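Below, subunit A partners subunit B and then partners subunit C, in two separate complexes.
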Partner chain A sequence: MYKYILKRLLFLLPMMIIVSFIAFYLIDASSSSPGRIILEAQGVPEITQTLIEETNHKYGFDEPFVVRYFLWMKKAAQLDFGKSFVSNENVSTLILTSFFYTLKLTIATAVTIILFSVSLSVVCVFLKNKFVDKIIRSGMFFLAATPPYLIGIILIWLFSVKFNSLPTSGVGDFSHYILPVLANTIGYASFFFRMLRNSMLENIHENYVYFYRSSGVSEKKIIKHIIKNSLQTAVTAFSMAIPALIAGTAVIENIFAWPGIGRLCVAAIFNRDIPIIQAYVLLIGLFYCVFNILADIINAWINPKLREA
Partner chain B sequence: MLEVKNVFKSYKKPDFFTMKRNMVLHDVSFSMDENECLGIIGESGSGKSTLSRLILGIEAPDRGEVLINRKSVKNRRERKGIVSAVFQDYTSSINPSATVHDTILESMQISKTKFNRQEAIELLNKVGLSEDYLYRHPHELSGGEVQRVCIARAIASKPMLIVLDEAISSLDASIQVTILDLLKNLKKEYNLSYLFITHDIQAAAYICDKLIIFKDGKIVEKIKTEDIKNVKEDYSKQLFNAVLAV
Partner chain C sequence: MKKSKLKKIIFTSMAFALIFAMTACNNSEQKAEEKKDSITMAVSEDISDLNAHLYNGSMLAQDMIFESLVRNTEKGPEPALAESWEISEDGKTYTFKLRKDVKFTDGEPFDAKAAKANFDAIQENKETHSWLELSNKIVGCDVVDEHTIALKLSDAYYPTLAELGLTRPYRMMSPKVFENGKTKDGVTDIVGTGPYKLKEHVTDQYASFEANDDYWNGKPSIKNITMKVMPSGETPLLALKKGEINFLFSTDTSGMIDADALKTLESDDKYKVHISKPCSTRYMLTNSDPSRIISDKNIKQAVWQSINKEELCNGVFSNFEKPASTIFAKSVPYCDVELKDRKFDEEASKKLIEKSGWTFDSNSGFYKKDGKTLVLELVYNSDKTMNKVIAEFIQANTKNVGIDLKLVAVEGNVMRDLRSQGKYDLYLDRSWGLPYDPQSTITALFSKQSFLTVTKDLNSFDEMHKTILDAMTTTDESTRKDLFKKELGFIHDEMCFIPLSYSSAIIVADKELGGVEFNQSQFEVPFYKFAY
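Then we have the complex of A and B:
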C-alpha cells in the first residue's frame, strides 16, 4: 500500500508543472497588455504607450515568456503570487482569507452530501420499488436537473422573503450556512444518491451478501459491508467533486454574498486582475490533482485489487 | 432435520402492464435427515436455485414453510449458525474487500464469540490450503482456491446443514473431483448434512445418499442413489439415460 501511495504522489509533480504552465500561458496569451490593465486599475487618466512600456518594464512583463514563467513558478513555490493589480494587496493573503470561507462552506456541503446520499440510498435499496423509494427517486431526479443558482434563489424567496426565518446573505452564525449549503448540496446529493443506490443494488445480489443473510448475520453488519463495497465508484466521483465544489461555489457565493474564493475570482475576472486569476487557476488545478490521487488511494484501500494496477 | 412443506413460489413477470406471475415452485415437499446428503437434480431454470434461496431464508415462500429442526428459517435468529451455503459463482462468493482470514473469522463469529487465528489456519489446512493463504484477498486466488475458502467459511460457523448450490459447476473437471472428495471427507469429520443442488447427475450420484429429480418447479421423483438405474418416471429415465449414454 505504501509503495502505491508513493507512486501516486510522485505522479503529482509532473502534473502540477503541466497545470502551472497552462495556467500561466492561457492568462499570458490574452490580448490585453498587463501594463495597460494596471494603469487602468490605478485610475491613471491619460494612458500613453510610453507609460504602458514603463509599467511593463517595472513589473517585468517585458521579459521573455519562459523567463517570466520560471520567475512566477519560483515565487509561487514560496506561495508568493505577487500583488493585486487593483488593490495592490498581497494575492496570497487575499486568496488565503477568501479560501478559508470557501473551505468552511465546502466542508459543510460535503458532510451534508454524504449524509443525504448515503442515508437516502440505504433507505431506497431496502425499500426497492416501494412507494418511498419511488417518491425519493422522483424527487432526486427532479432536483438533479435543477441548477444550483435556481435552487438558491428559490430558497432565498421561501425562507428569507416568505417566512423571514433565515438570512439571505453574508457570513455569521450557523443560520448563515443553511441556505448556501442546502443550495449546493441538493444537486450534488441527488447525483451521488443515484450512483450509490445503483452500486448498492448490484452488491445486494452478490453471493457474499446471500451468504451473510443465510448465515443469520445481522442486517446492520450486512449494510456496513454493502456500503463499503459500493463506495468504490462514489469515492472517485466524490473526491473529484470536492475541487469541483470549491471551484463551482462561485455562483452560490455570488448569490449569497459569501466572501469566498469563487467570488474573489469572479471579481478578478471582471477587473482583469491577472495575478489573482493565475493563483486561483493554479490552486484549483492543485486541488484537482491532489483529490484525484486521494481518490486513487482510498479506492485502493477499499478494493485491494487496484493496488496492483 | 430439514422439512420443506407444500412450498409455492412465484415472481411477478417483468412486464409493466401485467399483474401475472411466473410460478417457479409448485407444491414442493420433502424432508432430509441429519448426516444425510440429499441431491436435487434438474435442468437449468427448473427452480433449483429458487428452492435453495428459500431454504437459506434469503427469500420467503408465497405459501408453505421451510423448517430446520422444526423452526422456521424465516427467522434470522433461528437459522443463525444452523445453515450455511456454498454458491456456484465463486467470483462474488467472498466479500472482495476481506482477506481469507477475515472471511473465515467472520463466519466463526456467527456461532460463537471466541475465535482465534489458529482455528482459522486449521480450517484452511482441512480444505487443503496452507497458512500462506490467510492474508490473501479473493482476487489473489484461483477458482478452485476460492471455492475451498468458501467451503472452509461454510464449515467455520459449525452448521448442521450446508446448501451446495451448483458449488462445483464452474470449476475444471479435475478440480471438481478433488472438491467432491474434500466435501465427502468433511461430511464424515464434522457430521454435516448436505443439500447438493446440481444439474450434474454424475457428481450428485458420487456424493449423495438420496436424489430428488426436479422439473418445472415440481418434484418428479425421489430415489435412493443406489436405485438410480431403476427410476420409474419417464423424465427421470430420459435424464439418466442421456448421462449413461455419454
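Then we have the complex of A and C:
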C-alpha cells in the first residue's frame, strides 16, 4: 500500500511541472508585449513604445524565457508569486486570503451536498416510482437545469428582500453562509443524487442483498450495507468535485459578493492580471492532482485489486 | 422500512431545516438606515491602490481623499488648494498662491515645499502621463515663497488649469508617504487634504471613509461613507431594496444600474433618481482606410441615417439616454455649435448607397456591387452586455436599408488592438466624457495609440490636425472658440464618429438626502456637499 502511495505521489511531480509551464507560458502566449499587458492592467491611458520597453525592463521581461521560467519556479516554490499588476498587493496574500474564504464555502457546501444527496436518494430508492420519488426526481431535474446565477438571485430576492431575514451578500457571521451554500448545493447536489440513486438501485438487486434477507438480517443493516457499497462509486466523483467546487464557484461568489478565489481569478482574467492567473492555475492544478491521487488511494484501500494495476 | 416511519423522518427533517434557517436569520439590522449621517454604497470593483499619481485606483475614492490646486467646474477651473493664480504673458509660467490653512490628514502642512515635492514626483514618471499634454509641457516647479509656487511650461498650453484639476495625476499627497521622494513605485499610506480620509480597506470586500473634520472647506455633514464591493449587476439593486445600502452611483446606464432597474426605482417612494447633464457620448468610429467600403462618404451617411436613435434611446435606454445628432452635446465646453443634423431616413440611406453604384439584390435583401455584398464589420466590447444589445439594434436597422452588418464581439484589450491595426469598419465605443471631452477625444483622432485609423486617410487630415493643435496652444479665448468650431465642422463633415446617444451619470439615493449634485467629471461625486 505504501509503495502504491509513493508511486502515485511521484507521479505528482511531472504533472506539476507541466501545469507550471502552462501557467507561466500564459503571459508569453499573448500577442501583446508583456509590458503592454502590465500597463493596460494598471489603467495607463496611453501606452507608448518607450513605456512598454521601460516596463518590460522593470519586470525583467527582457530576459530569455527559460531564465524567467526558472526564476519564477524558484520563487513559486517559496510561495512568492510576485505582486498584482493592478493593486500592487502580494499575490500569495491575495490568493491565500481568498482561497480561505472559498474553502470555508466549499466545506460547508460539501457537507450539505452529502446530506442532501444521500438522504434524498435513500428516500427515492425506497419509494421507487412512488409519488414522493417522482416529485423529488423531477424537482432535482428542474434544479439541475436552472443556472446557478438565477438560483442565487431568486434566493436573495426571496430570503433577503421579501422575508427580510438574511443578508443579501458579503461575508460575516453564520447567516452570510446560508444563501451561497444553498445556491451552491442546489447546483451540485442533483448530480450526486442521481448517481447515488442509480448506484443504490443496482445494489438492491445484488446477490448479497438476497442472501442477507434470506438469512434474516434486519432491514436496517441491509440498508446500511447498500448505502456503504453505493457510496464507493461516488468517492472518485466526489473527490474530483471538491476542486471543481473550488474552481467553479465564481458565479456564486460574484452574486453573493463573496471574496473568494473564483471571483479573484475572474477579475484577474478581465484585468489581465497575469501573476494572479498564474498562481491560480498552479494552485487549482495542484488541487486537481492531489484530489485525483487521493481518490485513487481511497479506492485502492477499499479495493486491493486496484493496487496491483 | 415502514412508509409511515419514513414520512415521519422526512417531515421531521424538513421542520428541522426550517427552524434552522429561521434561527440562523439573525436580524441583520439595516445599519444604513439607522444613522442619518452615513452613506453605504455598492461598487462593482475593489477601490484598489489609491495612489493619486497612478491609474490603478478608483477615481471616485481618489477624488474624496486628494485635491488639486484647482477644481474643474461648469464655469471653468476654480480655486481649490491654490487661492489664486497668475499666468505670465507668454503663457509659460503659472504662479499659484497656495492656501495657508491646509494640512494633510497626517498633520503635515500643505505648503509650497509639499506642492513642489508632488509635482517633482509626478514628473519623474512623466512618460506614464504622456496622454496628458501638460505632462510633456511642464519643465519644472519652483518654490517662490512658503506659500507660492511657479509652474514652468515649455510652451503656452491652454488646458493647463483644466488638466491640473483632473482626478489624476496632479493631486496632492502627503510627502511623508513618498518612498525615497518618489510615488511611481508605490506609497506607504493614503493621505491627502480632501474632505474624507480612508479609514479601513479590506480588499474585495469593502472600504470605509470618514469625514476629515479639519477640512479647510468646512466639515462634511456626511460623516461616514462605505463602499461595498458587489460585482454582480443584480445584487446592488436587491441590497438597496433591502436597505443594506442607501446609495448607488453609475457613470451611465450600462454600469452599476441598468435602465430597467432605474425605471422601477423611479416609481419607488423611498428613493430619488438623480440624472446629470449629458457627460459622454456613445458613438461608432468609422475607418478611413480607402480599401474599405466604409471609407465612402455616402456609405457612412447611409449608416448614419439608417439608425433610429429615438427608438434606440426609448427601447434600449428607457429614455435615460438622449439621441445624439453631433459628437458632443451642446453643454460640453466649446461645443455649442450649429451643425447639420442627419435625421433618420431609410429612403435617403438607400439613395445614398445607390449613388455609390450598389444595386439592391432582392434575393438576399442586401445591396451588391460586382458580385460582392455590402458587408460591414462592427466591432464591440463584449465585457458589457449592453453593447451587444446596442450592436444588435444597429444591425437590425442597417438591414432595413440593405447593409449586412457583421458583429464582432471581443474583449476590451483585443478591441483596442483591432482599432490601432485598423481591422474594423465601425467601432462601437463611448467618448471619455467630461472633463476630457472635447479636447482629449478630439486629439485622440491623431494619436497612433488611439483613433488615428479614423483620420489617417482623410483628405483634410493635415488641416484637421493643425486646427486642433492651434486650438490647444492659443492664448486667446475667442480664437480658440473659432478653432474648435472649425474642427467640429471637419469632424462632422467627415463623419469620423457616428453619434448614437448622450449618456449621463446617475445617482440613486434616499429621498431625504439633500444637496445631491454632480461634479464636472463624471467619475467623481461631491459627497461633502450632501446632507440629510
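Note that the second predicted complex is superposed on the first by the 297 of 309 C-alpha atoms of A that agree within 3 Å, B and C clash if a C-alpha of one lies under 4 Å from a C-alpha of the other, contacts with A are read in each partner's own complex, and residues count from 1 in each chain.
The rule is simple: a contact is a pair of C-beta atoms (placed from the backbone, for glycine too) under 8 Å apart; a residue touches a chain by one contact, two chains touch by 3 or more.
These numbers were taken from a predicted model, which means no experiment stands behind them.
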Given the superposition on chain A, which partner contacts more residues in subunit A: subunit B or subunit C?
-> C
Contacts of A:M16 with subunit B and subunit C, given as first, second, both or neither = neither
With the two structures laid over each other on chain A, which partner does A:L155 touch: subunit B (first), subunit C (second), both, or neither?
-> neither
Examine A:A189 and indicate which partner it touches, taking first as subunit B and second as subunit C; both and neither are also allowed.
-> neither
Touching A:V281, do we find subunit B (first), subunit C (second), both, or neither?
-> neither
In the superposed arrangement, which partner chain does A:R213 touch: subunit B (first), subunit C (second), both, or neither?
-> first
Answer with first, second, both or neither: which of subunit B and subunit C does A:T48 touch in the superposed model?
-> second
Subunit B versus subunit C as contact partner of A:A257, first or second or both or neither = second
In the superposed arrangement, does A:L94 touch subunit B (first), subunit C (second), both or neither?
-> second
Which residues of subunit A are in contact with subunit B in one complex and with subunit C in the other?
-> 219
Can you check the complex and tell me which residues of subunit A touch subunit C?
-> 31-32, 37, 40, 42-48, 50-51, 54, 86-89, 94, 97-98, 119, 123, 126-127, 132, 153, 156-157, 159-161, 163-171, 173-175, 178, 219-220, 223, 254-257, 259, 263-264, 267, 270, 272
Of subunit B, residues touching subunit A in the complex = 53, 56-58, 76-85, 87, 89, 92-97, 106-107, 110, 137, 139, 153, 157, 159, 163
In their shared complex, subunit A is touched by residues of subunit C numbered 1, 3, 6, 10, 13, 21-22, 24-28, 45-46, 48-49, 54-56, 127-128, 130-131, 186, 202-206, 228-232, 234-235, 238-239, 241-242, 244, 383, 411, 413, 416-417, 447, 449-450
Subunit B-touching residues of subunit A, taken from the complex the two chains share = 206-208, 210-211, 213-219, 225, 228-229, 302-305
